Structures are given as structure tokens and as C-alpha cells.
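Pasting a structure here, questions to come.
By letter and in written order, the chains are A, B, C and D; residue numbering begins at 1 in each of them.
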Amino acid sequence: MLDTETLVQQFDLLACIQCGKCTGGCPISPKSALNPRALIYHMLLGGDFELVSRDELWDCTTCATCGMRCPKGVKAYDLIIGLRGQWIESGKIPTTLRAPLTATLNQGNPLVLPREDRTLWADGLDVKNVAEGAEMALFTCCENAYDPRVQPMPKALVRILRAANIAFGTLGLDEQCCGSEIRRVGESGLFEYLRDDNLEKFQAAGVKKLVTTSPHCYNVYKNEYGSPGIAVEHYTQTVARLIAEDKFKFGKKFEATVTYQDPCFLGKQNGVYDEPRAVLKALPGVKFVEMDRSRERSVCCEGGGGRMWLEGTNTKVRLANDRIAQARETGATVLATACPFCFLTLSDAVVATGHENDLKVMDIAQIVNAAI
Amino acid sequence: MTQSALVIGGGIAGIQTALDVADAGFKVYLVEKEPSVGGRMSQLDKTFPTLDCSACILTPKMVDVARHPNIELLTYSEVTDVQGAAGDFRVTVKKKPRYVDMTKCTGCGSCAEACRLKGKIVDPFNAALGKRSAIYVPFPQAVPLKYTVDPTQCVYLTRGVCGKTFRCKDACKAGAIDFTQQEQCVELNVGAIVTATGFDPFNATLKPELGYGVYPNVITSLQFERLSSASGPTAGKILLGGKEPREVVFIQCVGSRDATTGNLYCSRVCCMITAKHAHLVKDKIHDARVTVFYADIRAFGKGFEEFYDRVRAEGVQYRRGYVSEIFKRGEKLVIRSEDTLLGKPIETPADLVVLSTGLVPRPETQPLANLLGLGNSADGFLAEAHAKLRPVDTAIDGVYLAGCAQGPKDIPDTVAHAKAAASAAIVRLRRSEQWTVISDQFTLSTTH
Amino acid sequence: MTTRGFLPVTNGDALDATREFLRTLFDKQIIDALLVSVEGARNAIMPALVKNPTRLDRANPFAPVMPFNSARLVSMLTRESADVRLGIVLRSCEIRALIELVKFNQAKLDHAIIIGVDCIGTVPIPTYTQTRDQTPDWLAQVFSAGKHGDAGAMPLRAACAMCEQPTPAHADIALGFIGVDSARALVVELRDDLAAQLGVRADAADAEARAAILANLIAARTATRDAALQNFRAQMKSPDGFASYFAACLECTNCMNACPICYCKECFFRTANAEHAPRELLRTAERHGAVTLPPDALLFQMTRLNHMATSCVGCGMCEDACPHGIPLTAMFRAVGARTQKIFDYEPGRDVNAKPPFMEFRRDELQHIGEME
Amino acid sequence: MKPRIGVYICHCGLNIANTVDVEATREFARALPNVSVARNYTYMCSDPGQALITNDIRELGLTHVVVASCSPRMHEPTFRATIHKAGLNPYCLEMANIREQCAWVHADKKFATLKAMDLIASAVAKVAWLVPLQTREVGVTQAALVIGGGIAGLHAALDIADAGFPVALVEKQPYLGGRVAQLYTTFPTQERVADLLAPLIARVTQHPHIRVIANAKVEQIEGFIGNFRATVRTRPAFVDATKCDACGKCVDACPVSVPDAFNANLTPRRAIYRPTPNAPLVVDATQCTYIQDRVCLSEPRCVAACDRHAIDFSQAETVSELNVGAIIVATGASAFDATLKPELGFGAAANVITSLQFERLAANPAEFAKAFGAAKEIAFVSCVGSRDATTGNAYCSRVCCMVNAKQAQIVKQQFPAARVTIFYADVRAFGKGHEEFYDAVRQSGVRYRRGYVSEVYRRGAKMIVRAEDTLIQKPLEVEADLVVLGVGLTPRAETDEVANLLSLPRSGDGFLLEIHPKLRPVETAVDGVFLAGTCQGPKDIVDTIAQARAAASSALAPLCRGTVKVESATSTVNDEMCAGCGLCVATCPYGAPALNARTGKTRVNAVLCKGCGACAAACPSKAIQVMQFTPRQILSQIAVLA
């Protein structure tokens, strides 16, 4: 049994007028029992509310469309995160979630890989430690750090920054998970631990400026770490700025028709729409096209909110598959994104839909790198 | 004591205030920044719930205002300075050059026919759905019916040269066109000022998820008015790109009741505007499927609920749930929402989507408010002296509010509010003498 | 309140007793003058204004013939107030017409004493005047028919054959012979004060028998009426029903002249307003091929119908006056019945009831109402 | 002289031109008898359109003008002024309505064109018979009567008085403030009504231009704009205010106990009572057993109880006659009688109250605490007697949503532990600050459940509220300790009386009817009579005040000017033809015709006549005719069509 009264207060649910905009915009609701409005209503009505029968809570991607659209400022996704927290607290942790959580605590990453392997991606790149003196710290997402499929992205970024003569460094083996997805699966205790630990490490290393490879890290540092006095940028912002400041010379053409998937945590949640596009449009040879559903109307790839590790109830076709079809409608040959989750889900989807020869999923960093 | 009043804004509120104050025998200066009086109401097709043709009921009032011996109309003019206090305001009004001699222009329209830019300039009167020339009257029933050169568009005024010869000047048989006209300032001395500067429709591009500006078949309610109007760009036919929509969707509360836009308030008129539009679609395209998405239907005025009943009876579907987003699938738009009464997310196909946009304060009212020393309410509209008891008075003695400058209102409420402002102004103009007891002047006879 | 009693008949001559009774009204100074039908030369029965009671020796209110609806005459006599107390001997239909005229300010009853008489029905004037010599005792027929409540043997006028109000209402004094043996006595019902003055004692004998005979009579008449109205309505079913009904109308206006209710000083159809310019008639003829002359016969009938429909009392004088025998009574009664029902209005029933045109009630005609 | 007629055919943009071949119509018109010129133009009502007409009048010497365009309702004044400007008598104009009666109702262009031609031919036939009429003005009594001393009447009276004119404010009750006086607080600002009302009433009662006549009734109104004569009957208080020190002994002594209507019948009062907490004592003559000759008989107990001999049963009614130039009707509205919805349990159970009763309870902290302090669950029911065909009130009452919200918030603020639920179908928070207030009310913990309440019944000490929660599609039974019915506003029972007094029509919802719902919301069918406040339809306080001041503005025009124009096309009587039947008198809504006692024939008071023609239609002999609509004129019009 839940204390709905507290949840109502905590998540400001009294503001809700039951207009349904949250459910109407939810990318998951059409194929899952997930209905944020009804969820809120049940909270408002109070009384008996059994979490256990609500497996669909694990379907939420925390893309935050519900909250962005809400005319009364209610954040349904926060409520869902809170409910997941209740679930976790009750000890009934979904089986597929146990290993990532444990690994994050022990190894600083949810991929269940050793802490000491974190910098393997940078082997041979001679990346400095930020403590050695750098104007900015590069923060690698666990995915980028460990998953070979997305490791090329930080590598590309390193080359880009060097090309612009930017002095940067990483936290080295002190770098660990930002906690964004940990918080989103409801493990707030672990998140708080990571936050405090990370902040301590940033402070120790004298980090004043942080550039993240993932929008999820960007979001969590920018919005959920309090105000630690650290300027946070997503790398697309950094690169866009450097291009605007004319810090690059592009030696090559990147001849392709490119469209772009807005990562929810970059676009909808933080309003960073223009910089990634500015970067792509600045590249010689790139013909940039928009998908119909872009920017504020973009669609989640279904990679966030811990969906990378969760089963949920949602067994229907993944949204990423739809996205491939939509990208192909534009005539694009390259589907760009700026998020490791997006990259992975979209890459899977390209394979699943049998379009690996028609459409290439690339991170913006990779594309920029290809043009330098 | 100055026996005259200034009314700023020539929409229905300003017109009504001016007429009432003038009818009471006072001189009224009516200042309108556009070339014609008429305001927003002149853009409307029909009015709810009676379906009166808006122009048909407004035009006589516009004509009355122009004809009234006590009213001096200052169109295409703006207030630039206000000094003094109640009873003795000194107001500077800037008369913008029309580049047309009002005394000579017959309103024949030959100049607009001849203009090089004929049919090329986006027509704001038609809510950007139509095109006009650089020399123009805003609409056919304009008062005064005198042409005006748009200085931001005219080839001559923007580039210094317009071919070998001015086509408009050649075309004008009355010799009315005069590019030497300069801005003029007039000084007015008035006892009371009524601010009736109206509202703007909400800028729907601020709700990007609804696709306005992206899809040509997503339009605003003001655009629908022009589409439906016999004097509009489609001569009253509901046509988009030459095609008649089969499935029409109306979306409520676009820019109202919405913290994401900062407009927490209800715009008061949109529910009924949509009901009217839904009726008009049904009236013009009998078999059209019309759906209205809403959260609360606010049909509160006289005859409104009855009209809402009528529209539902005509087969318009009301589905409870705000629309979350719009995208395209093939030729159709897809409207994503939840039907909150079914508890199910739904997708509704549409050929035409009409956004029922709310009312917002006009940005250009703010400098005027500053000149007058007026404050704003939390919603950004001009603040009245007391929310309950003094809806037309302001914190400044002698300055009153009329119509939507104070907050969203429908036409009858605007007219009532404007007349109330007129009453306040009349009272202010008549004040100053020492009143004596006259309440006993009635008694004709008293019997027990 | 009223007193019911008997007027004794000596010598079996009810008419004589009646004449004596009327004289008594003069003697007791109840009236100063009397309007009553009298026998004239050539069998004519004509109303006369009697000032000298000795002239009542030819009075005959029971003659089964009605040259006039005397309400018109009462209007003539009472329009301006006079201090003459006027007695008026009238049949039911005449009283009803009079009540209507009072409502239209065309008659005043302030100083009038209405003496109502039973009417078993009247015969056409020619029938009466031409046959009286051969069947000298019309009166005997009347009293006999009255006694049995059955005038089947009499060649009644169409209006009378469908008259369901044989007894007078609203009379100060009512003399009755229907359902009683008039050779012995007449029923008299009169105001209490008059009863006292005239020495009429209350006597309810035979009341039930009279009531039963009246009920039978009324039932039979009602049946005749309904058949007549149904017949009329059937004729109206065809599109040109009204036109063919009046095909023979000359617009002679005799009907109007005979009508007790038509009170206009001058009929509109006789004024210059109703004249047609020759040019107009020629143009209409050209437009339609031909135009019936006189041109306004149907308009005239329509107008009369419009003016009369609520007030028509069904006396049938119009039909008697029509040179072409157009069955006007059935028309007026049929249309009147419907119209009067709509307004819940019965002409002649109540002098205080306002005619429909003079009264606005919020709840009337709601079924017509606003269409939306 | 042969008439010279000009015919002007308007395209009305495409309104007409789309359906009617305007050029063919023009050619047809040109060939009609007496027509000198026929033209068509896009918008005849525009300045250049009018210029066409004035030029022709001057240059071609036209004597009469036909404009074929829209309904004359709007533009007849426009074109009358046009031809007048060119020197013609403004009444030598006829309009053919080829828009509403032709173009808008037909689709077939051929037939619509033929019909337009017929209508024009018909207008041409009539116009030649039109005669010049004179425009007329009458003087104005520069004083006003305001009927109703509620918030609307108070504001209307103040504006007129502040503008310098005497105002008589007649109030039926012995106190001022009307319905608003019964309220506890306002929404959305939650100000105490008493604090707002007291200064307002003081300003009115102390105003040198306002004569307050309370406890009085307007019995009769005669006359016309500028020259009304009102008869006002004032009931005596039977208490000498100069002697009374409001000690209350008389009240204690009074044997009568009746429900106190001011207190929404929650408490009883005596026959001698204080109508409001601050008002002076009065005797309710309808209840006083001395006046009604019952219990008290010769020795009224109140008189005996009063040490100061303030009670004076010798006081008599007074009848005053007032001359005024304008009248403002501000007679207000009633709260819906909740017993008409028996399924909601009002009257059957003490813990079902109306929103008006809530206000009275809230105004009395002790009573309020007694009623609400222990309640765990309180249900508010929306739309009781509004939006409800079963009650005949199809309309929305405009204020109840916010009243519910405000009251729910009051409960929540004072008794935070109480569970407060509002059942609704649409929340109508449309006024300035209302949506924000609705937001705040939800934030205070008030629950909104979508679904009208179907029934309320007792189970033990609790009331069961039955409804469907339409958002979860489940029927509900909510146990409530108290149920508050958000009753709507209805026309006052005496609306008919007021309507008859002034010959005012009522709209379909039963409220008094304004003359045009959009642009003339305070004017009535009777010139010089204006509507203020809820007598015209439900309104909240702020809208009521705006409308009241609007009515004042309308009233101020004739008062300031000192004269008014009256209709010229009035009816006239042909004495020869008049039979004096009085049909015209009964038919006229304005009281213009009257039977002359001497001649027995009708005379028309031309100042009252609006030229509506009802009399002419009713008159069987056409003895009464409206100028410009005489039988000759109309028949010549018809003859063309025959």
C-alpha cells in the first residue's frame, strides 16, 4: 500500500486538471498500459493502490514529454520515477535490474564491467587527467566508455577538441556513473551516493567546466546535482560554439543526406535543438533534412529511463523502429544522433528493420570527425 | 476643466466608449494605430451564439463613430506622450503619414490594382492567408475608406525608387497619392482617457508540438475566421490548398490555462469560438467529421450553453482531453491525445486542424501603459483598480480601461465593459462643480 | 345567484304567457324598453324596439326563424351609454355574439337585461314565410319538438342542425321550453333579485327530465356538427380545396353584412385601398394567363376568416345571406374550432375572457415556438 | 410630379453577388416604371457606395431611393442618413432585402436572381408611395430611477448621481445590498463582502443626489423615454428610527417565528426584526400578528416591550410619484430552488445545504464551526439547476463553479483535515484570475471528480453521494457528512411583474431580454429602460458592476443631452374607420394607442410609438396604419408579385 497523500504533495499532483495531455503525448502509452493521467488520478483519489499489479511503470522511458506538455506544470515522469523508487524500496527489484545496480555501486558502471577498465577506450589517445590542468573536463558516459559499439564516439570527440586546440582532460579512473538512469529506475539512494561521490571528485580535481558525451549525463549534472558551480555542456554545444568561433578547418567533405534524432534529454528536457543542427549544417557536403517529427515533436527512441536494462510489459514494436522508417522517408542516408542510448537503440532498429545498407546511424561527433 | 475625452484604440471597445461619451455631449478623440477602426471584431466572420455576421453588426457602429459630430477620428495615429492629470491631460498624438491625401482619396482602389506588389504582400487582416498590395485598405468596409501606403513594403519607400513611374500615382485619378507626407504631431487637451487597446491572439508557434507554422493545414482560430468569411481569401469556402477538408479537428486552450506558455489564465472566448467554428464547418461541409478536443467547456454566457447543446446535436464530437502533439502520416495529420473519458490514448486523423488560440496582452500596449502610469495584473493585462468592485478604473485618476486590454472578454462583455468605462469617463468629465442636494427634486406627490 | 322556477301557462298558450311575462317587466320597472321579435305583415318576423308594453301583443320570441342575429342591433342600441334599462330577448347564439361584441367595445351591457330563450332551431326565412299558411302552427311544432328534444321534423338551417347550445347562457332571465310541457308551464331561470321582484318561486321539479332531454338533443347535434366539420375538412385536403370551395363567390359581401361580429365601420375591401389599377390587373393576367375577377374574392374570404375565426359563434347568418349557398357555417365552425382550441378560447363563453389577439401569454403556442 | 427612383444593388462582397446575378438584376431594375437610374456596387454601405447615391440624387434629381442589400434592421439608418445628406427626406427610402431573404437562403443562382428581381420590383412599386416624414425630438426629465438596490443598482445609481443627476433608488427589501449582502466572501480574492459593501452603501445613502426608497415597490410606470412617471409604494417600517436604540427587546417579545430569508432560511426570525445585522429594525407586515389581526390583537407585545415608544403602528404606506427620464432595472436573480431536484436530498436532510446557505453559515464563525468542524467528508455538487433540461434551465449560471471553488477552499482553510470533493462536468473558471484561483483551490487539497451527482441519500448519519467518476468510468458512492449544492441563478419569481410593469420581453431562459445580445447588452426594447446585473442573466460581481455602469452610461446619454429623438414612422388613426374595438390598444407593446373616452376611438401617442406595426396588423378595418407601411404601400408591393 502506498501513501498516496505524500506522493500527491511531493509531486504536486493537485495541480493536475486531468486534461490527458501527458498520456496523449506519451510515446509508450499507445502500446502499454502506462497512462500517466490515470496514474495521477489514482493518486489524487487516494486509497488503495497496488504497485505490484502495475508492471507498466517499468515501460516509462522518462523522456519527460508528459511533463513538458503539461499545462499545469505536473511532472508525471517524476511521479513514475518516485513510484519505481517505492517499488525498489519494497525490495521487489526487477531481476534484470539487479546486476546493473550492484555493478554501479561496486564498479561505478551499470554494464557490470571492471572499474579499472573505464579508460580503456582512450588507449593510445594520450588523454590527460583533468587534474593536470585543463580548461574543461570531458565526461564519458558509461556506455561510451565501455560499449565498443559507442566507443568511437568519445574517440572522435577527442580528435575534434584537439583540432580546435582545446585543453581538456578526463577524471581518469575516478570517473564513474553519473547516476541519471539510476535515479530514473528509482534507486534514489544509490543516485545520491553517486552524486555526492562525483561532486567530491570534481571538486578534488578542480573541475569548473564539464563537457558530457551523453545528454543523460548532461541533464543530470545540469539539473539534478544542485548547483555545484560547474558549467555543464553537452559536447554538441561545445562543438557548435567552436564552429561559430571558427576554430575548425574542415578538410573533407561529408557527402551525405543527414537527418537527426533529437535525444529527449538534450532536446525536450533541455531545449538544446539548434546546436546539433548548427553543427551538422556547418559540415561541408552535408545535406541536412528534418524528419517530420523533430525538435519539440521528436519521438523517444525508448533507450532512456533504464529501458536499456528493463523488460517491462511493452513487447510491441519499438519506437526506434518507427524512427528508422521516418528517417528513411526524408531520403536521408545517415541518421545522426548525439546520445549513446539513441545510437544503440537506433542501430539495433536499423538491423531489426533490415535497413543496414540504406541507413547508417552515426553520432554527430563521428560525422564531424569524418569532415576534419 | 476640459470637456473632452481621449479613447485609445478603435476596436469595438473603443468605438463603444467613444459613442457613449460623445452621446453624452462630450468631445471625443478616438485614436487608432491602424488605418481603419474596427479592430479584431472586423476580422471575425460570425459571432456566437447568434451567428450574426460580425461585419454586418460592426459596420454601422464604425460608420456612426465616423459620422458623430462629437467624435474626432485619428486613425493611423499613436499616442506618444501624456502629461498632466485627470481633468487636464495634455496628450501628444503622432499621425503617421499615409502618403495618401485623405481629402482627395475616394477609396476607389485603382492604386492598389496598379501597385507593383499587388497580390504579393502578406495580408495581416486576413491573418496571413491572403495577399494585398503595398497600398491598401485593411478591409472593404474600412472606416475611413482611405488608402494607405505600407511604408515597410512600398518599393519606393523602402528602396527610394519604384520603376520609371509610380504606378499607383498614375492610376489615381483623384491625385491623392503624396509621397512627400511627413509625420505630424497633434496636441490634445482632455479630461479623461480610456485605454481600449485590445489583445493579440496567442502566437501558436510557441506551442511547437502542435505543428503550427510547420503544416499549412494547421491554422489558428483567427485564420479560420478569415477562411470562413465571405470577404476572406476563399470567399467563405473552407478550402485549404483548394481542397475541402473531410476531417476537421479543433484544439482548445492553445496558449491558455497553460503554464508552459506562462499564460495561466483562461481566455474566456475560445470555447465558444470553437463551438461556432465547428458549427460553421458542419454548415458548409455537411458530412465533415468534426472533433473538438477540450478539457472543460466554458459555455457560460447568455445562450452559450444552449449553443453548445446545438453544436453537439449537429454531430460535432467533443472528446475530453487536451491534444499533446500533431504529426503527419501520409497525407493526413495525426492528432495525438488521450480521451480521458475512455482512459485511452488515441490518434485522430485530420485534414484541417484549427488551434483555438487564446488572447494575450498586446506588447505595444506596454509603452502606452508606461506613459499613463498604468500597472499590469499578474496575467500581463492592464490592472484595474479593484478586481471585484472597480473593473474599469485604474490606479490613475481619470484613466480608465475598456475591453480586452484589461483581460480576455467576449463581445457583449467587452461592450458592457466599454460602456462602463464610458460611464466612468462621463462622471469624471462632469465632476468638479460643487454638488448640492438634489435628491428631493423628484417628488411630484406623496400620498399616505 | 339564480332562481329556477316555472312560468305558469294558462289556456295552453305559452306565447301568451310569455307576452304577459314581458309586460310584467315593464310594469315592475325592470326595463324601460325591450328588443324582441314581433310578427309583421306577410308573416315576416322582425326585431322591434318596443317602448310601449301594449305593443307586445305581437311579440314572438319563439318563432323558428332568425332574420337577424340581433347582437348587431344591441350593438346599435348600446354603443353609447344611456340610462335606459333595455331588455333584450335573444337566442343563445345571439347572446354569444353579443358577448363577443362587448369585448370589442361594440356593445355595452351596463343597463341591459338579457332575456334568453330556448331555441330548438330555426328554419330558412323563405320556408317560414311561404309555408306558414299551409302549416299554420309553426309554434306548435317548435313546442312539440322542444318537449321531446327532437326537431327532426323541422327543416332546420344548417347552422341550427349542428347547434349544440340550444339553451341560453349568460341571461339575466332565461325562458325554457325544451324538455318541458310548454302547454302547462315554461321553465324560468333568473337572477335572485329579479325572481323576488317578479314573484318567481324556486321549484326544481322536472329538472332532471329536462336535463336528460337536453343532453340527448346536444349529443345528436354534436354528431351532426362533427360530420359537417369532417366533411369540410375532407374538402380542404386537396391543394385547391379552399379555392374550389369559394369558386362561386362573387365578393358580394352579403356574408359580411349578415355577420354579427363583423363590426368594421367600413370594410377594407370597399375602400380605395383595395382597388386595383387596371395596369396591375392586366400585368397579373399576363403573368398567369388569366386572372379571376373580381380579383380579391379569396383574399376577402381569407381575411374574414382571419378576423372571425376566434369569435365566430356559428349562428350561420352568413350562409343564409350567400346568394350562391356556399356552406359557410361549416367552414367558420371548422376553422374556428381549431383556432379556438389552440388559444383555449370559446367565443361567447365569458365576457371577461380576452380574445386571443388581445392577450399575450408566455406559455401559448410553444409548440410553434422558436425552431432552434 | 412623377417619382424619379434610383435603385442601388449591393454585392455585399460576395454575400449577394455569389448567388444573385447583380448585373442582370441591375438591367432589370433600370427598366422598371419610374426608375431613373440603377447601379450596383461591392459595398453600398461603404463611403463610395453611399457617394454613388448622393451624387445621383443631386445630379439626376431623384425623389425616391431603393437600396437592394441586406435587412433594413442594420443599414436602414445608414441609407436614410445618406439620402438625407443629399437633400432628400430620409423616409423616401425603401430597402429590398436580397441578402437574408434571397442570397443567403438560396443556392440556385438563376432562381435567386429572379427572386431578387421580384423583391426589387416590389420595393420600387412601394417606394413611390412613400411620403416625407419629419424627425422629432422630445425633452427629457434629467433624473433617473433605479429599480433594485443590489450591487448592480448601487453602482448604476452612483454613476448617474456622480454625473450630477438625481437618482431614486427603489429597493423592495428594507435593506440595500441585495443578494451580494448575503454572501460571505468574494472569489477569487476572498475579500469579506461586508467590508466591500458597507462603504459602498454608505456612499449611496449619503450621496446628495440619491434618494434611497427602501422597503418599497414600483407599482406603475407610465410615459416614455425622457418622460417616465413612476408610482412607488413604500411600506412603513412601523419603527420610528429616531427613537429606536435597537435594544432588541421588541424582537424578544414578538411571538412570531418565520424562516429568515436573508439567512437562507437557516434560522428563524421574528415579525419585527433586523433585516441585516446592521440594518434598522422593521416590522414585516405580512407576518406581524397585530397587523394581520391574529395573536397580538389589540395589545402588540413589541409595543409593550419598547421603553422608548419607538414602535408606531399608525405609520401608513406612502405612495410617491416620480418623474424621471431614464430607468435602470436591476432587480437581480434568485438562487435555484434546490427542492426541485428532489434526488439531491435538499430539504429531506439537514446536512444537505445550498451554496447560499453555506455563505450564511460561513458568515457566522460559531455556526460554521458547528456545522463543518466535525465533518470528515464534504461534497460539493455542481450545476444544481443549471445546464439541466429537467429543470428547464438549459443555461449555465456562470458563477457556481467559482462559488464552489471558493467555498471548498474556505472549508479547507478552516478545517484542513476535512476531505473536500467537488463533483463537476466542466470547471468554468473564465474570469480574470479565476483559472489561477481554481489552480490554487486544487493546490489547497480540494479534490475535483468529474461526474455530475446523480443522487444523494441517507445511510445512517451520513449522506451517500452517488455519481459516476467519468474519468475512471466507475460508479461511486461517496459517504459525506455534508453536501453543498452549487445552486444556479434563476430569474426572480417577480420577473413577470417587472416585465409587465415596463413592457419588457424576456429571453428563452426567462431573464429579461436585451435588445441585441452582442452589441447592445444593456438596452431593452423600451427606449430609456436599461438592464443592469443579473436580471438580464447570471453574472458574477465584477461583470455585474461592469454591466451596471454600462447601463448608467446608456442612461446618461439622454440625461446629459436633455432631449431625445423619437420615431417618425409612427402609426396614425383614421377616425372615420375606427370602430373603437381596442385591439390595437391590447396589441401594442409600448402603450402608444389608447381609446379616447369621449370619442370612443383610438388615439396614438406618437412619442411612444415605435412604428412596429402590431396595431396595424391587428386592426380589422385598417383604421390604424403605420406610416411607410400603409395598406396602399404594402398592397402595391404585393401587386407586383401577384
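For the reader, a short list of remarks on this structure follows.
One rule holds in what follows: a residue touches a chain if its C-beta (ideal position, glycine included) is under 8 Å from a C-beta of that chain, and two chains touch if they have at least 3 such contacts.
These numbers come from a predicted model, not from an experiment.
When chain pairs are compared by contacting C-beta pairs, B-D ranks highest. Among the other chains, C has the CA centre that is most remote from the centre of subunit B. The geometric centre of subunit A is 45 Å away from that of subunit B, both derived from CA atoms. Chain geometry summary: the mean Cα position of subunit C and that of subunit D are 47 Å apart. Between the Cα centres of subunit B and subunit D there is a gap of 27 Å. Mean C-alpha positions place subunit A and subunit C at a centre distance of 100 Å. Shared contact sites, meaning residues of subunit B that touch two or more other chains, fall at 257, 296, 340, 343. Shown for subunit D are the residues in touch with two or more other chains, namely 427, 439, 471-472, 508. Residues of subunit A in contact with at least two other chains: 17-18, 38, 72.
By the document's touch criterion, interfaces exist between A-B, A-D, B-D, C-D.
Looking at the complex, you find that subunit D touches subunit B at residues 12-15, 18, 42-43, 45-48, 51, 70, 74-75, 77-78, 81, 143, 159, 162-168, 186, 188-189, 191, 196, 200, 207-211, 229, 316-324, 386-387, 394-396, 398, 426-436, 439, 470-473, 507-509, 511, 514, 516-522, 536-537, 541-543, 545-554, 556-557, 560-561. Contact residues on subunit B toward subunit A in their complex (touch as defined above): 208-209, 211, 253, 257-260, 295-296, 320-328, 336-340, 343, 345-347. Contacts from subunit B toward subunit D in the complex involve residues 12, 16, 20, 23-25, 47, 49-50, 52-53, 56-61, 63, 67, 106-108, 140-141, 143-145, 230-231, 235-236, 256-257, 264-266, 268, 296-306, 309, 340-343, 377-379, 381, 387-392, 406-407, 411-413, 415-420, 422-424, 426-427, 430-431, 433, 435-448. Residues 496, 506, 508, 576-583, 586-587, 595, 600, 618, 620-623, 630-632, 635, 639, 642 of subunit D touch subunit C in their complex. Subunit D meets subunit A in the complex at residues 427, 439, 442-445, 447-450, 469, 471-472.
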